[in-house]
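As written, the chain order gives the labels A, B, C, D, E and F, with residue 1 at the start of each chain.
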Amino acid sequence: MSEGSKKKKFLYINRRAPYGSIYALESLEVVLIGAAFEQDVSLAFIDDGVYQLMKDQDTKAIGMKNFAPTYRALGDYGVTKVFVEKESLDERGLSADDLMELVYEDENEDYAEKPLLTVVDRKSLAAVMGEQDVVLSF
Amino acid sequence: MSEGSKKKKFLYINRRAPYGSIYALESLEVVLIGAAFEQDVSLAFIDDGVYQLMKDQDTKAIGMKNFAPTYRALGDYGVTKVFVEKESLDERGLSADDLMELVYEDENEDYAEKPLLTVVDRKSLAAVMGEQDVVLSF
Amino acid sequence: MKFSVLVNEGPYTHQASDTALAFTKAALEKGHEIFRVFFYHDGVNNGTRLTVPPQDDRNLQQMWSDLGAKYKLDLVVCIAAAQRRGILDENEAKRQGKDANNIAPGFRISGLGQLIEAGIEADRLVVFGD
Amino acid sequence: MKFSVLVNEGPYTHQASDTALAFTKAALEKGHEIFRVFFYHDGVNNGTRLTVPPQDDRNLQQMWSDLGAKYKLDLVVCIAAAQRRGILDENEAKRQGKDANNIAPGFRISGLGQLIEAGIEADRLVVFGD
Amino acid sequence: MSTLHTVNKSPFERSTFMSCLGHLQPGDAVLMIEDGVVGARKGGAFAGALASVAGACKLFVLGPDLAARGLKESDLIDGVTVVDYGGFVDLAASHDRTNSWL
Amino acid sequence: MSTLHTVNKSPFERSTFMSCLGHLQPGDAVLMIEDGVVGARKGGAFAGALASVAGACKLFVLGPDLAARGLKESDLIDGVTVVDYGGFVDLAASHDRTNSWL
């Protein structure tokens, strides 16, 4: 980016389960469009938002499009700071093993494949929230 | 009512605070329209629904119509079984004194004025729910 | 058995319309009768023909209209809720001095009394919402 | 200071639009600038001119249009969200082969990029929703 | 004279799930649909509350919603039966009334 | 570098209120608006949780929403300040960012 242009820290917080409401899908649409603006983007999955990342989502019988595979593309869009809250997993009887194995290629390290999701505790996530310029919660 | 016509037991359950969403108001609209059908109607206020009955609601500054006075008309519409759940009041730090003093005139007892609201416990209310033909929750 | 269905939320934002549609279809396929589907609150937004969902997504208005045509369903949009939210048929648009209408094929606009009647006439009323 | 406002719910069903309107008005009256009001999710439903609220109720679409005219506000309805929910302007209606449009005066339809831009250009982005 | 209760929201998001459990009568049935299905997961914070009513009431989840959220029947607490939309219709028909906790 | 958090739903209905309280940083402010104002009532089930953050964070409620629900300033737990829409604007301006818990 040129020196004069603005670069802001954007955090998208995903708090709701997918499919029961459209917020998860329309949040993802914002993130993908927003990638073109080359801002400093982070994603957080907390509360029921962690269900958006579940493995083996199968939406055939509810007649809705399964958009879980789109999360695999986040790295290609330059979105690599993706946090999952540990306490939110714990409360739901879930662990990181229940989530999709998402990776990205690190262009700063010869495109080495790295895990996309970082499980962090609530306190660390609160600190991330406190470092942003713009926070959008869905 | 004539013997051949159907008379059903309708219960309207009000679970949400007023003004934050339209459900309380549009529930009241159903109850008032429904009165013309001369069914056996009960109302229950549980969870945040108890806030619909609060005294001294003043909506001037939020620019919305205060529809609390409409509850005073319930008796005139023949709706006299109105239950408020005790546990819901307790959890919110409220008591019956915080609620509007609503009355109706009992046409079976020479139009004696009687209190409209009956505070009942959760167990009794569950029993009321189990006696209905139609239950609508708002 | 005779069912009535109440849909309290619009399409896409909440799953209510999807679930109500699947329930209604399953009931009909089992040979039950659907006395009426009543659309209340934001549910009235299921009845606009102006929606253009993405090509890889379902079209809920179309699915309701199609199911309605196939089984001659009575799809009723509450008039008071519809006016608040901008769902009008040709008559209503004229009466309110509006220059356009947006009601979808197979839906009709009527009063809340139709919901009470749906509760009285059906053996079961099943509600879908937020 | 420069604010942007995001409205995520439609009128009447949730209080979001009322609160956003009151916030926007208060900010303007304090001399702040409103860079943009962006309507997303069901928020796009604030932008239909076909609403006919009861006579003793507020008309939120009218209030947004009026405030927009008074302060020359940029009221932007998200195109993707609007298509799903049946909010169209004349161009979109033509492009999609629809026989009517319903956008209200003072609102314009544009892409999600306008929301990101609103976040970048304003000092603060304030969000109202369900 | 029993009731079919439906719960469509996650107990982690809304109070309807617990409010429903607090208003059950013996012989009633609870059907978790849409986001409500996540409440039936083994090891979750509400699994105990749900299990505590399983003796007096029958518990069901809507299979299509379970699959959409990446959950399997084996992920659920004991005593929960998975049904499809046809099963939902059967439950509505076989109980005297439906109470949708919205 | 502090945050204004807004909560617009009742803690008795949704989990956003408690989730917000769990993610505060010292020096942040919480503004309860719309149905969220009921969480600040004295004697309510969430009054203790709210009071426990009052030392590290500042607490506000939107007066117009409080009045609409029949509550008065004297009904609130100690340490909560009532503001109007102009005060909401001032809070949004004086904190570095707004986090709306939806």
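To be clear about the criterion, a residue touches a chain if its C-beta (ideal position, glycine included) is under 8 Å from a C-beta of that chain, and two chains touch if they have at least 3 such contacts.
Note that the structure is a prediction, hence the values are computed from the model and not measured.
Looking at chain A and chain D, the chains in contact with each of them are C, F.
Simply put, of B-F and A-C, more C-beta pairs touch at B-F. Chain D and chain F, compared by their mean Cα positions, are separated by 26 Å. Computed from the mean C-alpha positions, the centre of chain D lies at a distance of 38 Å from the centre of chain E. Put simply, the C-alpha centre of chain E and that of chain F have 33 angstrom between them.
Within chain D, residues 12-13, 15, 22, 41, 57, 80, 125, 127, 130 each touch two or more of the remaining chains. Shown for chain F are the residues that touch two or more other chains, namely 8, 12-13, 15, 34-35, 64, 84, 97-98, 100, 102. Residue positions of chain B touching 2 or more other chains: 19-22, 47, 62, 64, 133-134, 137. Interchain contacts (touch definition given at top) occur between A-C, A-D, A-E, A-F, B-C, B-D, B-E, B-F, C-D, C-E, D-F, E-F.
Interface residues of chain F, counted against chain B in their complex, comprise 8-10, 12-13, 34-35, 38, 41-45, 47, 63-65, 67-72, 84.
Those residues of chain C lying in contact with chain D across their complex are 10-13, 41-42, 45, 48-54, 57, 61, 80, 83-88, 92-93, 96, 98, 100-102. Chain D makes touch with chain A in their complex at residues 6, 40-41, 80-81, 111-113, 115-117, 119-121, 125, 127.
The touching residues of chain A, when paired with chain E in their complex, are 16-21, 47-48, 51, 54-62, 64, 66, 68, 91-94, 98. Contact residues on chain A toward chain D in their complex (touch as defined above): 6, 8, 10, 22-23, 26, 29-30, 33-34, 36-37, 39, 133-134, 136-137.
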